[in-house]
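Across the two complexes that follow, chain A remains constant while its partner is chain B and subsequently chain C.
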Partner chain A sequence: MTRLLDAPERFGPLPQMGGGFIDAIEQSRLVGRGGAGFPVATKWRAVAKRSGGRAVVVVNGAEGEPRSQKDRLVMTWRPHLVLDGAFIAARVLHARRVILYIGERHEKARSAMLRALGERTEPEGALVTVAAAPARYVAGAESAAIHFLNDGVATPTTAPPLPFEQGVDRAPTLVQNVETLAQIGLLARLGQAPATTLVTLAGAVMRTGVLEADRGTTVADAVRGAGGPTESSRAVLVGGYFGSWVEPEVAWQLPLDHETLRRHGLGLGCGVIGLLPAGACPVCETAGIMRYLAAESSAQCGPCFFGLRALADACSRISDGSSDGNDLSRLRRWVDEVPGRGACRHPDGAALFLSSALRVFDREFANHRAHDMRRTA
Partner chain B sequence: MSDQLKLVVDRIKCDGRGLCAELLPELIRLDDWGYHDMRRTA
Partner chain C sequence: MPDTLLWYTTRGAGAVTLILLSSVVVLGILSALRVQTARWPRFLTTGLHRNLALMTLVFLALHIVTAVVDPFTHLGWAAALIPFSSYYRTLWLGLGVISFELLLAIAVTSLLRGYLGHNTWRAIHWLTYAAWPVGVIHGLGSGTDTWSAWMLAITAACVAAIGVAIILRLTIGSTDPLASARATFRTAVDRREVR
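Here is the complex of A and B:
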């Protein structure tokens, strides 16, 4: 089984493929690797049905999640595989445009993608344009990417219309993460279901960075593969800032695949696994991440803009010792009021993250004493 | 089903003035920040 990062940097010419390829994607049960974990075949079918030769393919390399590095890595080291996936999408969906939407700070990734593009001779190469995604957390959300490409504003929009109904240039649009497209490239070349997932290990681990996990790999295996923890862990953040804190003894056994984690009520999200060392303060860490998420609200929907700010402020007051004693009960009430209240999923992700903190760090939140703390996420 | 009405709110356009809750107090509750919380509607 060829893995993504061990694959040849470049295969030969693209194989011919038509609509039947979507069945192959369906059989592979590939889900999107940008964070939402949505089934790829479902998305492609919806666009294919409406395309009429007008569809637009957006290659999503915005990677706005602060701890994630895997999208940059795949663009930098396997740009041809990403282009394979993009060109296949363009062929199967009869697309008129392909847009490389790459984070403005990911210079190495962008130049690798442009160099690879210059080496391609397929007709799809002529469909490609490049856009720089603003370095904001929500810029990678599908509707924000489309909004940016249409109007230069990278904020989410109200659904409907969904991207497959009306996206870039008001045409049916596929927005697909770069790792997902690289997996599509492999699937087309090898005819095999992709069986790996890219994860980014962060925090108190010997070697932070990206790791390609085979199906069945657990968090413990991945951490071992990264040289083990630097010290004992208080908790593991599974799925990045939109993910959940998990007690270490539970986390170690979790398999790194979207389906199984979902059954545990968790998500792999963009694949970030963060180890919080026993010596760090979970309350202060959580407060820092909540301040970040509140600041990254696109400030369009009240419950997200005001709600996340209120949650972050209450966390900060507990963290710096200025709380009136009621902040923990406020947090417990507000954290359930925010999810499902925005045009996008930003408030949902932040609330999910905070709920896990309140559960796993229950003791620490109840007994927190102020200490000099200026660490930010 | 056909004679049921459906209330849809554009969350981005909503400025939280609270007029909806004044007009339809039996259906719309506001949260601590003055925005409609449709999930609490009956």
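Here is the complex of A and C:
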């Protein structure tokens, strides 16, 4: 079967697509690749039902996750497949607008997309506008993208209304990740979506970067495909900064697909697999990521802004040795009080990440001695 | 004896409802003002606001049910649900029905806030500023005990408490501890670049 990154850069003109195409998506059991892993067919049906020729399609290439590179890669190397997916969405959902929402720092990706757009002759090309997504973690969230396109402010908003009810221009809106749209493109072209997932390997692997994993591929296979680990691993971060730390011996056997991981209580998220080398300090690493996530709170909800800051501060005090000895018990208590208390899922993701750190690095957090942070950086 | 018991319950529950409802409104205004001290964290205000509001509904239900089932009054359920349909003190009772129905709408929309969205919820929650005075007028107009010293004292205290809270709200305004952080973040993401 053709894989995403092996597919021809460009196929011929788009085949005709009817409403029956949503059934084909449903049969392929495709889920969104932006992080939430939501079933694509369900989302399309919800928009199709309300569209009435007004729907808006947002092509989400914001890719704000610092360690992820796969969205940029798809836009840069297979822009026509992304446009295929976007045009099909526009056709099937009777959309009035298509917006390419591309991270402002992803210049190569944007120019590749614009070049590809210039080569297209389908009528959907005339529906397309381009927006530069601010380079912040939350800017890629569905509601933040819609808020930005409506009001110029890329912060998440409360739901309801959900995007399919009221999104860009208050019209039913489909916000779909670029990898997902490329998958849709291949599904339309070949009658079958490739059962693959793009993952970004980060940290202590020989070749960091993007890999296309076939269904059934395990973390161990992917790491082997990237030349193996540079040294023995202390833990594996599955799913990026909103994911979880996992013990290496457990992680190696995990398959890289959303469904199976969910059954393990994990998530593939945006597809980042990060290897923490045994020589690094897990506490300092966790504290650094928590500081980042706290700083990325858009300061709209108190529990997120103050909660994440308190969590990050406590982590930092443990990591730099200035803790009064109570911070670890505070962390264990507070980490359960943050989720579900923000308008968006930012606090939930950060708390999930920290919970996994407290579990997997239990020993290190309890026995952490201050040391020169530069040594572990 | 049961007849007078029901009648006393109606009057007592009405008075308790007024006290509880006024406390709920004061707490609501204080939560909007983000009042907090070292010993009184903000979640206490909102938690108390919510729980007292549910308790208010219980006493309000008691007030209405005992009034209707009291065989002496002959009010009937329609009088309790349709404004100005009561033969007895038509205007004053009608105001009570309106106040009750507004409060019911406010409570139900609060319980369903997750499904309604913030703006809808907030717009309906503002109806409190109608429900409370209408309820107070209902009490003054139809209350058997209105002019007894204890009831006058209760009513006056409630009106004074709400008055002070509203004045505080209008003069102090809301001090949002997130305001500057939010403004900083917004300058980083506030742009409009669609072409």
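Heads up, the rule we're going with is that the second predicted complex is superposed on the first by the 372 of 377 C-alpha atoms of A that agree within 3 Å, B and C clash if a C-alpha of one lies under 4 Å from a C-alpha of the other, contacts with A are read in each partner's own complex, and residues count from 1 in each chain.
Assume contacts are C-beta pairs under 8 Å (C-beta built on N, C-alpha and C of every residue); 3 or more make two chains touch, one makes a residue touch a chain.
Fair warning: this is a prediction, and the values are worked out from it, not measured in the lab.
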Touched partner set for A:T158, first chain B, second chain C, both or neither: both
Touched partner set for A:A131, first chain B, second chain C, both or neither: second
Partner chain in contact with A:G325 - chain B first, chain C second, else both or neither: neither
Partner chain(s) touched by A:G53 [first = chain B, second = chain C, both, neither]: neither
First (chain B), second (chain C), both or neither touched by A:G342: first
Residues of chain A touched, compared between chain B and chain C (which is higher): C
Which of chain B and chain C A:G118 touches, first, second, both or neither: neither
Partner chain(s) touched by A:P13 [first = chain B, second = chain C, both, neither]: neither
Partner chain(s) touched by A:G265 [first = chain B, second = chain C, both, neither]: neither
On chain A, the residue positions that both chain B and chain C contact, one per complex: 158, 300, 302, 306
Touching residues (chain side chain B, partner chain A) in the complex: 10-16, 31-35, 37, 39
Touching residues on chain A, where the partner in the complex is chain C: 99, 104, 129-132, 134, 136, 139, 144, 148-149, 152-155, 158-161, 297-300, 302, 305-306
Chain C to chain A touching residues, read off their complex: 115-118, 177-178, 181-182, 184-186, 188-195
In the complex, chain A residues that touch chain B: 157-158, 300-303, 306-307, 310, 334, 337, 340-343
